[in-house]
Amino acid sequence: MTHTQQMVQTNPSQALVDEPTLVECIEACFDCAQSCTACADACLGEEDVQMLSRCIRLNLDCADVCEATGHILSRQTAAEVQMLRASLQACAEACRLCGEECENHAEHHEHCRVCAQACRRCEQACNNVLSAIPA
Amino acid sequence: MTHTQQMVQTNPSQALVDEPTLVECIEACFDCAQSCTACADACLGEEDVQMLSRCIRLNLDCADVCEATGHILSRQTAAEVQMLRASLQACAEACRLCGEECENHAEHHEHCRVCAQACRRCEQACNNVLSAIPA
Amino acid sequence: MTHTQQMVQTNPSQALVDEPTLVECIEACFDCAQSCTACADACLGEEDVQMLSRCIRLNLDCADVCEATGHILSRQTAAEVQMLRASLQACAEACRLCGEECENHAEHHEHCRVCAQACRRCEQACNNVLSAIPA
Amino acid sequence: MTHTQQMVQTNPSQALVDEPTLVECIEACFDCAQSCTACADACLGEEDVQMLSRCIRLNLDCADVCEATGHILSRQTAAEVQMLRASLQACAEACRLCGEECENHAEHHEHCRVCAQACRRCEQACNNVLSAIPA
């Protein structure tokens, strides 16, 4: 059992969505933040860095939004559907844009291929939580 | 002239919106992140902390979203309207929710009164940028 | 193989320390940031929140420092021993202080027990990287 | 009076250092985080981006550490001298390294010149708080 799972289970407040869907999304947000931070740096070290400037920029944006969303999802006290929804929508959008851009470079750069996977997994996980939260 | 203004002007890429509207919003995001971080802490030190738990929670969420949005707005390279819009919408919503909650405690706690001002200014600044970005 | 491992391996720049030690520390930093963010929230939802104010405060500090350190360790381009050392020392100290405080509440609150584990693992991982970086 | 000043004054817990020294440092941390985030992006948009890779990398590190330190300084509840000291030392070091690197490019890039100012001001402010906190 991961620490994230244990933290969700031991919080005195009930989560707004079922535990596996929530845990998957929290872990995907932190994982994607790490991959995007690392991909921005890997791109920066490449010889064709100028061709990767849009990728670096979206990596940095996506890392920022994933981290904010990972924090918000980690909180269960006085949870607010509107706050959750707004941040999940921003996060799914950031992951979609960054994932698409990384896919454009996946053939030439392995780090972009891996990062695209992390983005797509997180995009999906955000959409799953969005479907699960009460209307 | 603030550092933020100078940084916007010296970026080699043109910003998506006019400079004063952009600068106001970047500064409001960082200012609100600071106020919310400090308000969460001030609430935590109050005797009636239990009554302030929703305020603390929204303070922390709002600080996270303001910081992510402040970063995204600070970047002008390969700017993406969809990324900007999604994060500004999340930020305006976070500031609205946190501002409303802080207003509920403004009579009893000066830090909530000040923080509500920072939230409302940032909410307005986000909405101004949202109106200014091309459709 | 985790995404973090893959990102470290596919970076065009050589890491300053051996891969397993680095990967363990990056993953411990992000994991600890998540646990501390969640523990602050879980404490906030407890009836004895007033007794947990120091724990919440250290949780928030520790999450901030772990996240900054996790980012810095994720970058391999133009790595700077002095930057690494300063942030790892701050992170080991934050994890030690927060881990100790969480241990004080471990008997009464499961989330503090789990969070203490995450802090202690991260403290150790930071010290391992500190021992491994060139003098 | 800035929001930061008001937030420091209205916190129910006494700050560990005198108010003007603390406020100056909190504001310098957030200001430097903004300048470094913007400088990384401005460098990324320059034609000689490859020559600026170390600058971008240090900008990103410095922004991360300044933000963590700005948060920690914004909290006055159960303040811990050891936590403060460790994060201020990391922040002064990050600002020194990034400031030096930005100064190397100040003649060719205005954003590096401005960012170096923000870094040097923050380095000084961190050292001032370090001198003021009780031994």
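Order of writing sets the chain letters: A, B, C and D. Residues in each chain are counted from 1.
Just so it is clear, a contact is a pair of C-beta atoms (placed from the backbone, for glycine too) under 8 Å apart; a residue touches a chain by one contact, two chains touch by 3 or more.
Here the structure is a predicted model, which is why all the values come from computation and not from measurement.
K.L.:
Using only Cα atoms to place each chain's centre, name the chain farthest from subunit B.
P.N.:
The chain farthest from subunit B, judged by C-alpha centres, is C.
K.L.:
Indicate the whole-number Å distance between the mean C-alpha point of subunit B and the mean C-alpha point of subunit D.
P.N.:
Here the centre of subunit D sits 19 Å away from the centre of subunit B.
K.L.:
Between subunit A and subunit D, what distance separates the C-alpha centroids? Give it in angstrom.
P.N.:
Measuring from centre to centre gives 27 Å for this pair.
K.L.:
Which subunit A residues sit where two or more other chains touch them?
P.N.:
41, 44-45, 53, 57, 60, 67, 71, 75, 77
K.L.:
Classify the inter-chain contact topology: is it line, ring, star, complete, or other?
P.N.:
Topology of touching chains reads as complete, every chain touching all others.
K.L.:
Note which residues of subunit D are touching subunit A in the complex, please.
P.N.:
40-41, 44-45, 47, 49-50, 53, 56-57, 60
K.L.:
Help me check something: in the complex, which residues belonging to subunit C touch subunit D?
P.N.:
Touching subunit D from subunit C are residues 53-54, 57-58, 60-61, 64-65, 67-68, 71-72, 75, 77-80, 82-83, 86-87, 89-90, 93-94, 97.
K.L.:
Over in the complex, which subunit A residues touch subunit C? Could you list them?
P.N.:
Touching subunit C: residues 3-4, 6-8, 10-13, 26, 30-31, 33-35, 37-39, 41-42, 44-46, 63, 67, 70-71, 74-77, 109-111, 114-115, 117-118 of subunit A.
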